[in-house]
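In what comes next, chain A is part of two complexes: it sits with chain B in the first one and with chain C in the second one.
Our next item is the complex of A and B:
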């Protein structure tokens, strides 16, 4: 195992962990409920570690990407339902990320948002067209490390660490009204969804196949998912903690994505603001690329088309057309003027509905010794996998009623 | 011929659609919509106040402060169109906010946010 490769893989996972939904829900969760929702981030991170590791292992041993499995395990009809729901969820997420990029660029340059949305999309298309897969993943992941300024900012504002640590244990804050309890429950579901977005496993497992992972890469896979996702989650938790300290007392529940950057501007001034905005820009751009490619991977794998960024764009024409179409449709959605935060809310609800269908075939195959041989799920992976699966199903059942009853967490 | 099991499966579609419709129809009423609008507007006003306070202290760039103010005013104007009573206190406060310049005093903005917070508390108590 090359140490440099592992280190880069971990840094990439850290920088690529946060996207616009974690920025929004992390900040709003902190400002509305103090530190109380930290445990949900910690808990959901264990979930994405479990399923991320499983999808990487399946890619390395069975050489099967998630959507290939879905068609075989769920059958054509159910597979098609999952495919359509995933495509919709990823498309909305991709549009939210493009809108978020345009907003952050607007805060940096002052240029018109619609023009910046077009420019951002063209830049994304150019980067996916030109760069090989490994460098697409690494460029955005490593540039996303500017987000570390949020973790440094938390240290600088001296939060009450004992309270922060104790919030890592599941809790419900005392004295909430029934409507606040519903909103708290909505945030629990939304954070689980935002951390465990299905596109992450589609992208991660397809990436494993793009990188031609074998049994030798299982260690890298384990380290990337455990250490990389774990450290990435700390960035999301930092955003929550700063929001609880800085925004809550001022009655701010960030309604504008740019407000989150103030968490770094308060302790570090203009330099902190610029680092935060750059970190947000690259983290969001990386997520836009991941959601877009996840859709192209899904549809190509489902219909058995040639796919992969290791091929030249014209060597896998339907795959290329698919990711181009996602970017263009995402841009079109943004240009209708719909608020990116509204898109984030829809994406989060849609995604949690898709999650059970995404993770079931993965769980079944990762436990199947015919395909996985000695690398099939052991007792720990089985217990964790099925426990998280049960929780995801519960969250999926609760998501839509909670979304409607709390007006997307705004009540 | 359909088996009883597939018939039951077939009947689930309309049931699910009806359930989804009921959930959607039981969504927030006018008071809840106003409460949501005022909550969002209160936060936007407070975000604008914090931005201008940091801008006055030279801790954020002028481009950032102006862009945030433009966004805040746009969201407040949209909230003004949404409130159910155009003559009510929430509408008055929102109209006052939308007339303020981008570099409005942070104290003025913070006072407006506090007034919206009071209106919000009234709506919650109703």
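Our next item is the complex of A and C:
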């Protein structure tokens, strides 16, 4: 195993873990419920580790990304339903990320949000056109490491560590009214969705194929998903903890990205604010690229087209047109004037509805010895996989009623 | 597995990725074409690729949408042009020779061929 490569891969996974929905829901969760929702981040992170590892293993052994084998396994009809649902979910998420980039850039420059959304999309298109896959993955992931300022900020404000640690165990805070309990349940579902977004496994497994993974890379896959995703999740938890300490007591509801950035500004002043905004900008940009490419991967793999950004854009032309179309449609959604944070809410709710469709074929494939030979799911992966799957299905069933009953967590 | 080997035909081959002799991805096995008479042996004639081959696999309204937006094009790949089947179908000829590159070429015409590292 090449140590430098592994280290870089882990750092990339850390920097690429957080996106706009985790920023928004992490900060709001902390402000409203103190440390009580930390366990949901920890729990959902184990879920994304399990499914991320599986998707990477399928890519390395079957040499096929998830969507390719998914169609073969589910057939055309069910495959089409899954394709359309994930395209819609990823598109809304991509639009939310573009909107989020524009909001952060607005804070940095003061220019109009719509103009910045156009500029952001053009910059994203240029980067994906010019850079090969490895560079895209690494540059956004590594630049996203500016987000570490949030972890350092938590240490600087000295939270009660014993309380933080005890909140990693599932709990329901005492004394909540029934409407607050519903909102708490909505946040549980939203955080599970935000951490386990379906685009993550599509992007991760397709990335494994882009990087030409083989059986030899299974160790890298395991380390990246365990250590990289684990440390990335700590950044999201840091945002929650700071919000609980700084905003909760003042009854501030940190809905805007600018408010989240204050978590670093309070202990470190202007430098902290700048680092936080840069970290957020790059983390959100990386997620925009991942959601967009995830859609292009899915559609190309479903129809068997040439795909991959290890090729020049004109060497996989339908794949290229697909990602260009996703960026342009995502931008169009933002330019309709929908609040990017409303898009985040829709993305989170819609994604949890899609998750069972996404993860079922993956579970079946990873356990299928025809494709996976001796690397098919063992007992631990099976138990973890199916347990998380059952929880995802429950969360998906509860998501829409909770969204409606709590007016999107606003109660 | 060799083309002459035993396999569950429809579930084993349908909806698999097809790659040509040079490893180029060139579609999905959307359906299979059989030849034979009642009482006689059944043989596979070809793999069908293209939106026209969805007919019979999708509901009528869905097929109407497919026809409207993707057309009814079908390319027939003779079974004899298969080299092997694993998690993909491997062809013994190029995608170009089998007429599987027309849509890809149309898309390529729109894109500039510069600026990428």
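The rule is short, and it goes like this: the second predicted complex is superposed on the first by the 411 of 411 C-alpha atoms of A that agree within 3 Å, B and C clash if a C-alpha of one lies under 4 Å from a C-alpha of the other, contacts with A are read in each partner's own complex, and residues count from 1 in each chain.
Rule of thumb we're sticking to: contacts are C-beta pairs under 8 Å (C-beta built on N, C-alpha and C of every residue); 3 or more make two chains touch, one makes a residue touch a chain.
Note that the structure is predicted; figures quoted are calculated from it, not measured.
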item: Partner chain(s) touched by A:318 [first = chain B, second = chain C, both, neither]; value: second
item: Partner chain(s) touched by A:160 [first = chain B, second = chain C, both, neither]; value: neither
item: First, second, both or neither for A:269, with chain B first and chain C second; value: first
item: Contacts of A:64 with chain B and chain C, given as first, second, both or neither; value: second
item: Partner chain(s) touched by A:110 [first = chain B, second = chain C, both, neither]; value: first
item: Touching residues on chain B, where the partner in the complex is chain A; value: 20, 23-24, 26-28, 32-33, 35-36, 39-40, 42-44, 46-47, 49-51, 54, 58-61, 63-64, 66-68, 71-72, 75, 113, 117, 124
item: Chain C-facing residues of chain A, complex; value: 62-64, 68-69, 71-72, 75-77, 79-80, 129-132, 135, 301-307, 312-314, 317-318, 320-321, 371
item: Chain C residues touching chain A - in the complex, by the definition given at the top; value: 14-18, 24-28, 30, 49, 54, 57-58, 62, 87-88, 103-104, 107-108, 110-113, 115-117
item: Complex contact set, residues of chain A against chain B; value: 103, 106-110, 179, 250-256, 258-259, 261-262, 265-266, 269-270, 273-274, 277, 400-401, 404-405, 407, 410-411
